[in-house]
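Heads up, the next two complexes both have chain A, just with different partners, chain B and then chain C.
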Partner chain A sequence: MAITTATIDITSTDLGISLNASTNLSKTGTSTGLEIMDAGYGEVTVAHGGKALLEASAVSGDRDTSNYFYLSNKATDETYYLIVKIHDQIVGRLSAGDWMFMPWSQGDDAAEISITATNGTCAYEYAVFKSAYTLVDRTA
Partner chain B sequence: MATTIAQLTLTSTDLLSDSLAVSSVATLTAAGSSTGLTRTEGLGRKQTANTSEYTLFDASQHTDDKAHKIYLKNLSTTAAEYFIVEVAGTVVGRLYAGDWAFFPWAADTTSTNCDVDITPSANDMMLEYMLLTDE
Partner chain C sequence: MATITANITLNSDITNHTISESMTMRKLGTTTGLDNATGIALKKFTSTSAVVVVEQDEVTDSKASKVYMRNSGSSKEDFFYVAINASAAAAATTETIGRLYGGDWMLIPYEGAVNLTVAPSTASDMTLEYGLFYE
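On to the complex of A and B.
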């Protein structure tokens, strides 16, 4: 059993915030640690349009289980956003330099996570942590 | 101008053959600018009475496409208890006991009603929340 810890710190002396939260990423409904991870780095441009970052799987055993994903917009120009969608629904706009971390339920085949750059080229970094994953059959 | 820093740290010594140590630091700014965020709702806690769906953030009460950021934490200590988190009626994930999330929010009311809703899996669960915004 692997122990993977996700910690967030939000601090602002101006707004009076000093928040810390930490969790060990666990398999669905248990305290057993997740053991599957995928990560990567890439670039997406305006010309690309919407791109699937993480596809939901119809055949793996990870539907409705504990999956978490991390995404960071590595652009430095403050007008370069990544529009983040889940199941083709806009969740939010990830500003340059910002990151997000949230659970992801692959409730059905269409629950993919997609990103769209609004300006220029946005480099991105991502990671996904899964409760379970079964490789799909090869294409003959 | 307020300076608000959000830092993520992902660590594991045994998930992979090499240690995992990811750190990402963001200085939260207003949409399309380098001006810091100016307002928060919360930090607060809400208790749910039953397994009905609750609206946590009403998009109609906020401005579209600002630099809204949402923090959520499930304060349950029972591993099997979770909140279903929905944005605009779409399930994005299940937040299990002790887990937290931090994500941008469009608060769109033009093309869809982008409310953030939560549905607890059990009675009497507690959620911690905060909205950081530039509106």
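On to the complex of A and C.
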């Protein structure tokens, strides 16, 4: 069994905030660790428009509801940010140097995660932690 | 200007690749730090009814707001649905972000155009820890 640990700390001496949390990422409804990590780097430009980074279940065949998604905007210009969407709903705007981490339920057809660069070229790093991939039929 | 720093480490024995990043929360398109935070709140749930925990009118739309949530329980069977939806959070709700099982946390940018709602998977006592950071 693999062990994947996600740790966060948020601090602000100005605002009096200090928290730390850690969790082991597990398969749906169990304490068994996830076994698949899909990670990579890429670039999107304004000219690309919106691009699907992770597909909805109707496309991929996967219906795992206990996935975890990480995304980091590697741009260095503060005016370059990524708009992150689930289906047609904007989750938020990820500024240069920012990261996000969230559970991702691929259990319905509206689960597609897409990104859009708002300025220039945004390099990004992503990772998805899953319990399984469903292989699709071969084409020939 | 305040300084709010968030660090993440994703450590896995699936590969030798460890993700470790640090960010300073800044106003959109600037190098100026976010000024406001609600603080970290705790909310106890005793039913499976969906509840809005972050209202869209708490922040200005289309900025660099961020939301932190954590299921402070330990059960890996019980979870919170989390959704970007005005009034509902469940498996079939558009758009369900995902499930926060015991101990799980999330930190996401927040557009501020639609409420964030959660709904427990069980009527047993569950507690959500959450906070909002905004311009």
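As a convention for this text, the second predicted complex is superposed on the first by the 132 of 140 C-alpha atoms of A that agree within 3 Å, B and C clash if a C-alpha of one lies under 4 Å from a C-alpha of the other, contacts with A are read in each partner's own complex, and residues count from 1 in each chain.
The definition used in the following text is that contacts are C-beta pairs under 8 Å (C-beta built on N, C-alpha and C of every residue); 3 or more make two chains touch, one makes a residue touch a chain.
This one's a predicted model, so the numbers in the text were calculated from it and none came from an experiment.
Chain B and chain C, once both complexes are superposed via chain A, clash.
Shared-chain residue A:A2: touches chain B and chain C both.
Legend: residue contacts after superposition of the two complexes on their common chain; A:P103 is shown touching both chain B and chain C. By the touch criterion defined above, A:Y133 reaches neither chain B nor chain C. Shared contact residues on chain A (touching chain B in one structure, chain C in the other): 2-15, 17, 19, 21, 23-26, 29-31, 34-35, 37, 66-68, 70, 72, 78-79, 84, 86-87, 89-95, 97-105, 107, 111, 125, 127. Within the complex formed with chain A, the residues of chain B that make contact are 1-16, 20, 22, 24, 26-29, 31-34, 36-37, 39-40, 43, 65, 67-69, 71, 73, 79-80, 82, 84-85, 87-96, 98-106, 108, 112, 114, 128, 130, 132. Against chain C, the residues of chain A that register as touching in their complex are 2-17, 19, 21-26, 29-31, 34-37, 39, 65-70, 72, 78-79, 81, 84, 86-95, 97-105, 107-108, 110-111, 125, 127, 129. Here chain C touches chain A in the complex through residues 2-15, 17, 19, 21, 23-26, 28-31, 37, 39-40, 62-66, 68, 70, 76-77, 82, 84, 91-92, 94-101, 103-111, 113-114, 129, 131, going by the rule given at the top. Every residue of chain A that touches chain B in the complex is listed here, in rising order: 2-15, 17, 19, 21, 23-26, 28-31, 33-35, 37, 64, 66-68, 70, 72, 78-79, 84, 86-87, 89-95, 97-105, 107, 111, 125, 127.
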